[in-house]
Structures are given as structure tokens and as C-alpha cells.
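A single structure is presented below for examination.
Letters A, B, C and D mark the chains as written, and numbering starts fresh at 1 in each.
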Amino acid sequence: MIRIGEKTVQRLLMAAAFSAIGGLLLIALFIFKEGLSFFIETGFRRFLFADVWDPQSGLYGIFPMLVASLWVTLGAMLLGAPLGISVAVFLVEFVPRSVMRVVKPTIELLAGIPSVVYGFIGVMVLAPFIRSTFGGPGLSLLAASFILGVMILPTIISISVDAITAVPASYREGSFALGATRWQTVRMVVLKAARSGIIASVILGMGRAVGETMAVIMVAGNAVKIPHSALDSVRTLTANIALEMGYATGRHREALFATGIVLFVVIMILNTAAGVMVRKRVSGKKG
Amino acid sequence: MRLSPRLTQAFVVSLLGLATAVTLVILIFVIVFILRKGLPAIDMEFLFTKPQDMGRAGGILPTIVASVLLPLIAVAIAAPLGVSTAVYLTEYTRESRVTRLIRFGADCLAGIPSILFGLFGFIFFVTILQMGWSLLSGGLTLALMILPTIIRTTEEAIRAVPNSYREVSTSLGATRFRTTAKVVLPNALPGIVTGIMLGVGRSIGETAAVIFTAGSSLRMPSSIFDSARTMSVHFYILAREGLSSEKAYGTAAVLIISVLAVNMVAYGLMNRFIRKRS
Amino acid sequence: MKPLSHRFRILILPIVAVLSVLTTGCGRGKTSVTLAGSTAFQPFAEKLAERYMLIHPEIGVTVQGGGSAVGIQSALSGAADIGMADLVRLPAEAAELQPVTVARDGIVIVVHPSNPLSGLTMDQTRGLFCGKIRNWNELGGPDAAVTVVSREAGSGTRTSFEQIVGDIKLTGDAIIQDSNGTIRETVANDASAVGYLSHGLLSEKIKALQVDGADCTTEAIQAGRYPLVRPIFLLTRGAPTGASAAFIEYVRSPDAQKVIGESGLIPAIQ
Amino acid sequence: MEGLYSGETMGPMPVKFSIQQLSTFYGSVQALRSLSMDVATNRILGVIGPAGSGKTSFLRTLNRLNDLLPDFRVEGRVLLDGSDIYGPDTDPVLLRRRIGMVFAMPVPLPMSIYENLVYGPKLTGIRDYQRLGEIVEKSLRAAYLWDEVKDRLNLPALRLSGGQQQRLCLARTLALGPEVILLDEPSSGLDPISTARIEEALAELKSSYTIILVTNNTKQASRVADETAFFLMGELVEIGPTEKIFTAPGDSRTEDYVTGRFG
């Protein structure tokens, strides 16, 4: 067997890695190039913390949308993460493998459904339900969080399922041998061993929630005001970009790209927070 | 009030079961909602003819072809690139600030809204590189969109492979590449397939980014340089421009059935592969 | 037992074969005309392109969406030969482009079918959308808070609607939807909603209101009695030439204008 | 270059490994402290000593498996048939084909028994189905496992019992056709019968391989090893013929360890 030169393989892989990372960098640069000049000219006060968004009269305040984005993402994570991880644990630990093998692809089907379909289901079913049971316009922060929570389930469930199945059986046997119940084994051994995979699933799920465009536009109502209750209609940063990019020209377009930059920074903060929070909680217990 | 372990176990398991039941109910509700509205529209003519009258009549064959080609191109680009990047980050470099920075960058890009990917694709691939609205521009843009997910899931899958396998393979005289190809990747396959399937799902369901890059021409694509409209974009236009909700949900129903079929086939293949080995 | 690397090689072969076949495709055989822009006019442009290609099979016409701004941008950058825009007043960037009116679109105010109202005056419309009239009982309707539904800032339909009705400052808590279809769905599912959309989308799920006593019909518009109308432009960089000019001529031809009239828009030329 | 035994009268033996002032470091932690010894060809060297005395680290330095660890560093020289394995022109991959290793916990690769056995040979380019079959049979017989598995070679290796898995790992190493076999506590966790099987196999293999057996089971060393080395805290305390080490050790620390008073 001719041995492919180890060096050439290394170089090939490095080339692939750098082209992939190069591509991703290109997008980040593209967003920053288009939006940075606007960001510097307008400055934080009139952009990030102003709360009137009216491009026609040159007002570009995105504070209400920043608040809305954080609330919607938080809502989606409160629904998606615990539900997703519970389903993953249940499928791997408490259900026969044959059942899991059927259920997992069907759950992943949720990932294949276009978000515009979720949007329509939200407008035609979820919003009227919220309006009749809780009042308000129906198209609201609650509706957006619920729909996003459902949409990130496949990401969180399938990656967590893989992380949990990857935990070697010997870990579980060791714990059973010490008389632990299955749940104690899961809590004390399995989840800790699968922790990095589960964190990855939560982070990717959150990324998907923050990045979702179409479904959020259709169910959130898109009113530009700071939500005082979950029933208020809100507009997230992402929705704002998608809503107006089709018609935006000149400074308005630059403002939307600047919103993209803000979004990028928000995601960075959320990712670091998620990583730190989980690490601290876990080490806290060990300490 | 400390519950006995047996009681907490029963309580927690029923809670987890409830969570699963809720998820499955939502899943079934979404599927039934779409199929109930969409199945009546599906017949031979709907599946095998071209759309007429702005999609109010005729079939959706070109969109089915586009929905097969586009994710294929996206995954054909993103899977090798993503897996190689993940292998490079885990097997070929030491965990350092640089690898952590790359991983962090990938996580953040996984959160960028698809509309910005679409605009990037429009300006970079469509205009600057003169590729025009085409399946290639769309495929490249989608590849960049699903790359972070594939890189991250592959990395997690590789990291889950026990180190003892690497040591055994190395002690038997395998080079690092052979160890990766023959022992690490085959055992990380489930995680990799999951990442790719999520990528396929995302690229099939994407609308905003695709409209700006692959375009939304209704003609049958004859090469990857032709513009084409995927089923998701077709649903997007039919439903949002209020042309025909019956045809729109028919398209969505066909989409769901094909995605479910693809998922089942992919997992069937992978499970057969794994059962043979362990 | 074939080790995995063999199977990978076997797997990769078909993918490469498929891709190579596709890359050889006929490519740019015939001369082609590309249109891009307004999502509202896109379906109509596709229908006209379909008919045009029956008459002139040697010319390939492709139609893209993306919104009026993309239409203007593509026409300027040459990514598209003809831009499509449905804005009453074109923005400054479009100054270099030469607009040709090919159709007109009536904007109709819609409410939930259960809403007893049959029409609004311009002032009542302005009051509703500015948030001065907050409850339907102020207009003789049921005692219910008004849900105002509008398009996103910059959309052709909204800009035209606000410019024609005059000095509208949209109420802060208006629901914003970004397409005719979603506005129709939102109004159809909320008994106290009021919105506006292209008259081509009217259906039994929503109820159209008269404006100053006039219904939104073709002859009312052509007679000038119905005020909420906006033009649809095809934009080219400088005077249209070659295949683009031919297509635009076709769109303004009586045959094409008849098709436009039948499929839900108002012909530009009687 | 001929290496002589330290203080041994039995005439010069051909030397497989000549280790000179070998020290190893994991980052700042030092594992081995300037070890010098010779390992004779085609004999079994037993390496005994308490846990953490550097026995395993020594073993993994010989076949450069420690290269996998990011911050591993070596000082001194390890000569294999006279050439330094840490020298610039040594290809670690070829080196590992000459030095096979059996791990403490049996780690069959998640493949069938057959694939586990042909994994090594295929890497060296052997493709001929017939030849592979011979290698599989020869190595399984040498590991005393042939009769138990000869008609179910397609079975996934993970389905074998603990003892069978360990013998499979031995067979897998033999299939590579190495010159040296390193064994890292091969019978830890094995039942007495499987342990006896392994020891029989080693005694048989001595004639054609140099064997280094790391074990914390002093009885096993005394039963099987020709020479024995006693490691303590990363140092080589003493090395010599097995019965000398076990009956009249030169160093009091060896005596304490061998008689079981500590460690």
C-alpha cells in the first residue's frame, strides 16, 4: 500500500481547514465592511441605545430590537434546551434502541421543514390561540419564542443524543455496580461525560435561534417597541434586517449591516456566557 | 423531603417521558397540519409537470429537481471541507488559542441570519464572481451556512472516540492519517452523519439565502450554472404572494415526505454499517 | 470485508460523476434576458416570460425576485438586464435607470369578513393607520381594539399607500408583515384587524372596503375614481436595447396587457 | 557495539536494546531518571516495581507511543540494534512495526476478529487474501486462541470474553511480525487460566521474539522472566537474572519489594 506522504496529508487538511475558515472570515469581513462605517458615524448613543427606528426620516435606533432579540432567544432556549436535552436523555437511556432509531430521524425531519412553513403555522394556529387564551395581538414575543423553541429542538436533540450515546457503557456499568439507579447514573455520570457535546448542541441551537429569520418575522408582529409583557408584538434584530433589506438602499442598507454587526457581537457574548455558565456550575459542584 | 432514589427515578423518568411526548405531539401536529392541507394537491401531474400560471396550476417538477441538486452541491462542498477542518483541528493541531478561536468563530457564524449569507452570496458569487443566479452560487452560499454546524458536530464526534483506539492503531504501525481514516472517522461516523443531515435539512428548508443566490426561476435547471427554484422557495413565493395556498402546501407535503425518506435512508445505512462493526 | 476507505471511494465516484455531468450543461446557449426585483410583480413577469418564450423560443427569459431594491441594484450592476420595481417614487439611486410603466396595481384596504364596516373615507383611513382611531366602535363597528397591520418600511405597497393617503405616521404598535400573503393570513385570523394589500389577492377569507365610496375595480381605477393605485416599472440602464427592448415591447403589447388584466393587475395601456 | 550485562558471568548475549542515560519528561514532570540498561535478544525481561515507578512510561518510550502526548520530551539515547530510535532518520511508523505492544486493558478495535488481525499486516501493504489467512491462523495459534475462534472470524471482536480479547490483542501484535513484544501488565484483570495461557504463549514465543513484560505481579515475573529489572520512582534500582533478583537481590530496596514488605 503506497503510504500517502504524511506531510502531504497534513498540508491537504490544513488547506481545507484554512479555506473553510477563510470562507467564514470572508463573511464576517463582508458584514463588518458594509456596516462598520455607519456604526462609527452614528455612534452608540444614536444607534444602539436610541429607540426610534424610522429609516425614511433617518432615525436608526435599534434598542427595542436588541431587547426583543435577547428576550426571544432566552424564551426559545428556556423551551428548547431543557425539552431537547430531556428528550435526548429519554431516547438514549430509557427507550429501547430500536425505538430511538425510528424516532431520531423523524425528529430530525423537523430540521428539514422550511421556516416559512413554521411561520404560516404560527400565524394561522398559534397566534389565534394565544390571542384567544391570553389576549393581545397574538403575534407576539411568546409566539416567536415558542416557534423558535420548536425549531431548535432537532439541533439540540440529535447532537445531544450523539453525545450521550458516545459515553462508553463501562461508565454506566461502573455506576450501576455501585447500586445507583439509572437516573442517578445519568445525572452523576452520563451527563458529565457527555457535557461537551451537550454544550455544543445548546450553543448551536442558540445560534440557530438567534439566526432564524423567516419564521420570526411572521409570528412576532414586528412592532418596534420594547416589550413589557410576553404578549406584546416585538421585532428582533434579525427580523429587522430581513424585513427591510429587500428595499433598503444607501444609509438605510448600511444601518441594516450595522445591525448585523451588533448581532454578531450579541452572539459572541451569548456563546461565551453559555460556555462559562455551564463550566462554572459543573466545577462548582465538584469543588 | 428527600424522596427515595426509586421514587425520584420514577418521577424523573415520567417527566422525561412527558417532554418526549410533548415534542412528538408538536412534531405530529406540524406534519399532520401540512399533510392535511397539502396531500389533496399531490397527483402524478403535480409531481411530474412544470408549473403554469405563476404556480397556480401545473406541477412542481423543476422545484423537486432543484431541491435535490442544491443540498447535494452544498453538502458536496461543505462535508469534505467541514470534516477535514474538524480532523485538522482535533487530530493534527494541539489544542491552542488558535483552535479555540476558530471554534468560537464557527459557533458565532452558526448564529448569523441566513439573510446576511444570502446577501453575501448575492454580492460575492452572483455579482463579483459573475456566477449569476445559479445552483452553484446557491450551493456555495449554503455550504458556508452549514459549514459551522458540520465542523462542530464532527469535532464533537471525533473527540468522543476513545483515545485507546488511537494508541492501539498507532502501536500497530499506522500513520496518523491511517489511524484517522481507519479507526477515528469510522467510529465518529454517527456524529458526522448527524451534522451532515442537519446541514441537508437546513439547506433544503432555507428560503431567504437561496432567493438571493440560486434565484427563483421556474425553468428546469439543465446545469449547475442555471438558476432554479427549490420547493421551499416555491412555497415561500406561493404562500406569501398569496397565489395558491393549496399548491403551496402540496409542495410542502412533497418536501416533508422526501426529507423524511432521506433521513430514514441515511440512518438505515449508517446503523447497518455500525451494527456490522460493534 | 472492504475497509471503509474503499467504500468512501465508491461513494465519492457517483457524486463526482453527477457533478461533472451537470457542469457541462448547455450553459448560455441562447441569448438570455434576466429580470429581477419586486416580489409582487415576479409571478406576473414569469407568466409573461412563459408566453414570450413560446413565441420566441430562441430567447431565454429568467425572472428573479428579491424586492425592488435588488431589482434596482441588479439593473445598475448589470446582474439583471431589466429591474422590476413597484415604488410610486423611485429612490435617488435609480436616477440613471429609465423606467417604463407596464402595469398598475390597486391597493385595497381589507378587514375580517365579520367586520360590519363597508367603506372608509381618506381621513378615517389616516386616523386608523396613525393610531388616532383605536376602537372600531368609533366608526360604528363593534367595541374592539383595532389591530393595525402594515407592510415593512420601504415596501412598494406601503410607500405607495402612505404617499397616496398622505402624511401617515404609522402607529407604534402596528403589526408589520412583509408580504401580501402574510397580511391576508393575519387579517383573516384576527376579527379586529385592518390592513392593505394588492387587490389581486382578494379572497373570501377577507373583506375589501370602499375608499371614499369607490370600489377597487379596473374601470373605477382607469376612470380615476379609486385613488389607491401604484405603477409597476421595468427599469433598464439607459434606453432598452436588443432582447430587453423586445421583451419590454412585448409586455406593453395588447396581448400581454390583456394577460396582465386577467391575472390580477391593471393594464397600463387600455 | 556490544553491550555487556552488568555483573553477569554468562558470556556476552546479543543486545536488542541498549539504553543510555534515558530520561523522559511530560512538560515539567520527569518520569524516568537517566536509566541505563541493556535488553538481551530473544529473552523475556521482566520489569517490576510499585505503581507510578515509570514502568509503563518506559515501555511506551521504547515504541515511541509517548509521541502522541503533546509535551513529551526525551533525553539520553535508546539504541535498537545499535541505532538510536529517537535519532532524526528514524521513522516512528516503521519502528512501531518492529516493536509490537499489548496494553493492560484489552482494546480490540471495533471491527471483526479478522479485521483486527489483518489491520497491521495490511498497513505494511500485504493484500493477498491467501497470505493474510496464513498470518491470521499462525498468530492465533501462537496466542493459543485459534481453536476457540477459527470458525467465527467475522464476529465483532467486542463480543469475545476478557481473556479471549487479551489473547486477540497478543495475536494482533504477532500478526505484525515484530522483532520485540512489549507487554504492559497483560494479565491484570484476567482469570488464572487465561493468565496461564498467556504465560505459556510467552514462553513459547521467547525463541523468536525479544519480550519485555511489565508486571506488578512479582510471582508472574519470577515464573516467566529470564532477567528482571526493578524500577522505583523512575529509577532503575537493579537488573539481573530473575532468580538472583528474587533470592539474593543486591539492593535492600529490591529485597524489601520482592519480599513484599512494601509497595
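We take it that a residue touches a chain if its C-beta (ideal position, glycine included) is under 8 Å from a C-beta of that chain, and two chains touch if they have at least 3 such contacts.
Just so you know, these numbers come straight off a predicted model, no measurement behind them.
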Central chain of the complex, centres being mean CA coordinates: B
So, comparing C-alpha centroids, which chain is the farthest one from chain B? D
Tell me, please, which two chains come out on top when C-beta pairs in contact are counted per chain pair. A-B
CA centroids of chain A and chain D: separation to the nearest Å works out as 51
State, to the nearest whole Å, the distance from the C-alpha centre of chain A to the C-alpha centre of chain B. 15
How many angstrom between the C-alpha centroids of chain D and chain C? 78
Intercentroid distance (Cα basis), chain C paired with chain A, Å: 32
Mark out which residues of chain B touch at least two other chains, giving numbers and ranges. 175, 178, 182, 186, 239-240
Among all residues of chain A, which ones touch two or more of the remaining chains? 3, 120, 242, 245
Please output the residue numbers of chain D that touch at least 2 other chains, ranges allowed. 93, 112, 122-124
Mind pulling up the chain D residues that touch chain B in the complex? 63, 65, 68, 70, 93-94, 96-97, 100-101, 103, 105, 107, 109-112, 119-120, 123-124, 156, 158, 169, 172-173, 176
Can you list the residues on chain B that touch chain C in the complex? 52-55, 69, 72-73, 76, 122, 126-127, 132-133, 135, 181-182, 185-186, 211-212, 215-219, 221-227, 237, 239-243, 245
Tell me, which parts of chain B touch chain D in their complex? 94, 164-175, 178, 182-183, 186-187, 276-278
Under the stated contact criterion, what part of chain A meets chain B in this complex? 3-4, 6, 9-10, 12-14, 16-17, 19-21, 23-28, 30-31, 82-83, 86-87, 89-91, 94-95, 101, 103-118, 120-121, 125, 150, 153-155, 157-159, 161-163, 165-166, 168, 180-184, 196-197, 200, 203-204, 206-208, 210-214, 238, 241-242, 245, 257, 260, 263-264, 267-268, 270-272
Which residues, counting only chain B, touch chain A once they are in their complex? 5-6, 8-9, 12-13, 15-17, 19-20, 22-24, 26-27, 30-31, 33-34, 80-82, 84-85, 87-89, 92, 102, 104-117, 119-120, 123-124, 143-144, 147-149, 151-153, 155-157, 159-160, 162, 175-178, 190-191, 194-195, 197-198, 200-202, 204-208, 231-232, 235-236, 239-240, 252, 255-256, 259-260, 262-264, 266-267, 271
